Every structure is written in C-alpha cells, then in structure tokens.
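Structure in structure tokens, see below.
As written, the chain order gives the labels A, B, C and D, with residue 1 at the start of each chain.
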Amino acid sequence: MTKEATLQLPADTAYLKMIGEFVSRMAKISGFDDLDCKRIEVAVDEACTNVIEHTQRGASHDAFSICCRAVASGIEITISDRGAPFDFDSVAVPDVSAGAEDRPIGGLGIFLMKKFMDFVKYTPGADGMRHLTMSKNRPAG
Amino acid sequence: MTKEATLQLPADTAYLKMIGEFVSRMAKISGFDDLDCKRIEVAVDEACTNVIEHTQRGASHDAFSICCRAVASGIEITISDRGAPFDFDSVAVPDVSAGAEDRPIGGLGIFLMKKFMDFVKYTPGADGMRHLTMSKNRPAG
Amino acid sequence: MSMEITNRFENDVLVLGLDGRFDAHAAPQVEETFTTLFSQGATKVVVDFSAVGYLSSAGLRVLLVMIRKLKSAQGAIVLAGLQPHVKEVFDISGFTDLFTIEGSVQEALAAI
Amino acid sequence: MSMEITNRFENDVLVLGLDGRFDAHAAPQVEETFTTLFSQGATKVVVDFSAVGYLSSAGLRVLLVMIRKLKSAQGAIVLAGLQPHVKEVFDISGFTDLFTIEGSVQEALAAI
C-alpha cells in the first residue's frame, strides 16, 4: 500500500493549524522524531503561507492541495496551487547576520524551507498549476 | 469563499487519528463546541472504520476521501470510497438494553453515527463510488 | 501507536491503564494485552480510563469481549475515570448498565 | 483562534503572554495587540514564549516590527521561555543575536 495522503483546502490562514496537524502526523507515520516533525511542519507551513499571501488577491481563496507520501527514505511533499508562476530560484537568500535595522521585514520563509528539508524544487506545471516539491530523509541508523 | 476541505488517504486504521484531527478542526471552524466536535469526530470515525474494515480484502487499502463543508447551518460531510454497494438502510438497529451475553459483538457504529448527527444518508454512485453523507446543525442561539 | 497501555497488579487485581484514543487502531492492541494476561490467570480487572480522551464503538467491542470472558471465568471488571465524552458513548450504547463504573482506580479497587 | 494573547503590567513593563501557534494566522493578532499598547505608551516589553509550541517566519516578522518600534522609542524588549523548537528557528534565522533572551519572565523582568 502506498502511504500517501492529500489534503485539499481553502487558501486561508485559518487552516494553517489543520495543515500543521496533517503534515506532522504524516511525518510521524514516515518515521521522523518529534523535532523533525516540527521542522517539516514549518517548511510546509511556510510554503502554504506563501500560497495564501502571495497569490493574486482575486484568486487567493482558491483551494490548493498538499500531498504527503511516506517513502522508504523519509517523506516527499508536493504543494500545488493555481497561482501565477514566479521565479522561485532567483529569490534572494536573506543575510541572517544583519542587525534589526538593516534586515528587510520578511523574506525568511523559503530560507527556512530549505534549511529544514533536504530538497526543495519549484515547477510551474503545463496544467496551469504550480507545484512546490520538497523531501526530507530520515536520519540514518 | 467556500469553507470546504477534503482529505484523501489510505484505508488503514493507522490514519484514524489524522482523520479525527481533520474532522474536529473542521467542526470547530464550523462553529461547534468541543463536545459536539467529539460527537462529529465519532460519527466520521465510525463511517471510516467501516470503509476500512468492511471493504473486500483485496481492495481494502484503496484510498478513500472525506469532504467537510462548513455551511451556514453547521457542517456537511461526505465520505466516498470504491467498496461494493451494500444495503445501508436494512442494517438492524441494535438493542441497547440487551445484557452482555445477549448482544452481538459490534453493530453499534451506524447507530452512533445516527445518534450524533442530524442526517445520515448512503448513496451508491453511478460512478462506482459509494458516498455516505452526513450533516449536523449548530444548536440554535 | 495511538494508545499507550500499561499493566500492573494490586494483589490479585490487574489494573490496565489506557492512555490515548480508544479507536479501531488501538482496539486490537488492548484486546491482545488483555487476552495474554487473562490466559495467564488474571480474572479481576480494573480499567483506568482517566487518560482516554476519545472512544469509538471499536473500543466498546473490546470491552464486551472482556466482560464476557471474565464473567465466564467467575471474574469481574470495573471501569474507572470515564471522561464526559466517553461516558456519553457508554450511555447511548447502553454500556453504562453493563459495567460497574467508579470515579477513580482507588474506588474501583475497593469495589471489585 | 490559533493563539491566546494576554497582557499585564509589572510596574512600567508590559508582559505579553502568548499561548499557542505563532503562525501567519496569529501574527496579525499579536501585532495588533502590541501596536495598541505601544501607542498607549508601553515601551518596555517582556514577551512570555513559554506556551508557544510552534513558530514560523510570520512570527519572526512581527518580532522584528516590535523591536524596531521599541528601539526607535528608546524602549526595550526581552523574550522569555523559548522552547527548543522555537529556539532553533531563532538560531537559524539569526534572531538569537537580535534579542535578549531569558529563561523565565522573572529573569526577563530583572534584565529589562
């Protein structure tokens, strides 16, 4: 049996807690410990918050989906929505040593995703969907 | 915006806790208090347990889905799977006054669903899917 | 696992402690634990429900199996610490009349 | 709501108590509560994180807004009781260097 579950829900921050419960449960089923479950929860939360907040206003309450697969190596997650394509790879890496006055407000979401997951990739689909794919391996041993 | 969320997942009791978290969160978003959230959680849990346990063995690990809609009156829930049609309406009502020796083991799931929800209906779809629809109204006031 | 199960003996009484959701995922675990201890001679059982926050009919099913086996062995079962939601499921299903139910394990041990 | 926010004053120090998930749903609530109290003159703030079990970058964003406003008003902010997961998010984002962080509200009140 494939251990795959998908949650489809409105693009609204009121559902972030539900997303967190869903993702951390799937991370647990995939064999991660509690701290790693929180890390995976943050990575997905950041991606979903971006879908909710950076989608054009008109379409912003469209449903989007989160698919989690427990695989032999750990977990694979795909977040899919109908927002306009954007240039994921050219988003600037934040300077985390900057002082409080010199930092932009925000700009830490994608950075945290990449820190907490082993792999993060953005692919605008031919189907008019954007897909953000991320995965994390279970620690060896 | 429609407050509708769908969870699609494997037919395996390991996911019942995730289902419970999902459903009780949607019940909360629909405006129910904690005790009603538990009642709704039990009704859906019973329906999902039936999907998991009474589906023919071969197909039993197929994915199935739970769709929850927060509506003006309360909550509407549809559980859909690919199991063989069965005669939902002729399932016998259990005798809850019977003694421990005289009761069958089991047979309380559909009874609890109907007690905890205001409306429960089974419809085998033309699409080869079975749908169990249930709803509950928020208490007035 | 969705439930933690502990067991200890107070003299000849088996105290089964359940912690978590008593659903169709936990039910086989609880039944197995009970069956093993029953086959080793435990016929008086107190079940501590105080940490059970959730009960579905799969849990009721196991409790019915337990009370039947214990009665047929001239044993006894007493339940302790049912939370309001759990108590409601018992009431609706008519299980409140089948079992002796006490507030605490201490009271259950005195009653058995 | 995903977070409960309480506030009280210890002499001239505002103690903001957060309880729950500090995510993009809670962030506007926290920012609003702070902004209101700041506009009423609160310039020394202790934030009690002991009941915050979850933090995302939306929470960091609000904290950055707060420290900037407080510094520009010659005020101060001290954080207390960060759980390990929250501390890790701070460390990775370089926020540990931006804030004074104490173990308890008591220590934070002494440090401010």
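Assume a residue touches a chain if its C-beta (ideal position, glycine included) is under 8 Å from a C-beta of that chain, and two chains touch if they have at least 3 such contacts.
Note that the structure is predicted; figures quoted are calculated from it, not measured.
*Asks:* Name, by label, each chain that touches both members of the pair subunit B and subunit C.
*Replies:* none
*Asks:* Suppose each chain is reduced to the average of its Cα coordinates; what separation in Å results between subunit B and subunit D?
*Replies:* Averaging C-alpha atoms per chain gives centres 42 Å apart.
*Asks:* Can you work out the whole-Å distance between the CA centroids of subunit A and subunit D?
*Replies:* One centre to the other, that is 25 Å.
*Asks:* Just how far, in Å, is the C-alpha centre of subunit D from the one of subunit C?
*Replies:* That pair's centroid distance is 45 Å.
*Asks:* Going by the contact rule already set, what residues in subunit D reach two or more other chains?
*Replies:* Within subunit D, no residue touches at least two other chains.
*Asks:* Multi-chain contacts only, two chains or more: what residues does subunit B have there?
*Replies:* 14, 17
*Asks:* Touching pairs of chains, all of them, please.
*Replies:* Chain-chain contacts present: A-B, A-D, B-C.
*Asks:* Can you list the residues on subunit A that touch subunit D in the complex?
*Replies:* Residue positions touching the partner: 13-14, 16-17, 20, 35, 38-39, 41-42, 45-46, 49, 52-53, 94, 96-101, 103, 105-106, 108-109, 111-112, 115.
*Asks:* Applying the document's contact rule, which stretches of subunit B touch subunit A when the two form their complex?
*Replies:* Subunit B reaches subunit A through residues 1-10, 12, 14-15, 17-18, 21-22, 25-26, 29, 61, 63.
*Asks:* Report the residues of subunit D in contact with subunit A in the complex, numbered from low to high.
*Replies:* 2, 21, 23-25, 54-58, 60-61, 64-65, 67-68, 71, 84-85, 88-89, 92-94, 97-98
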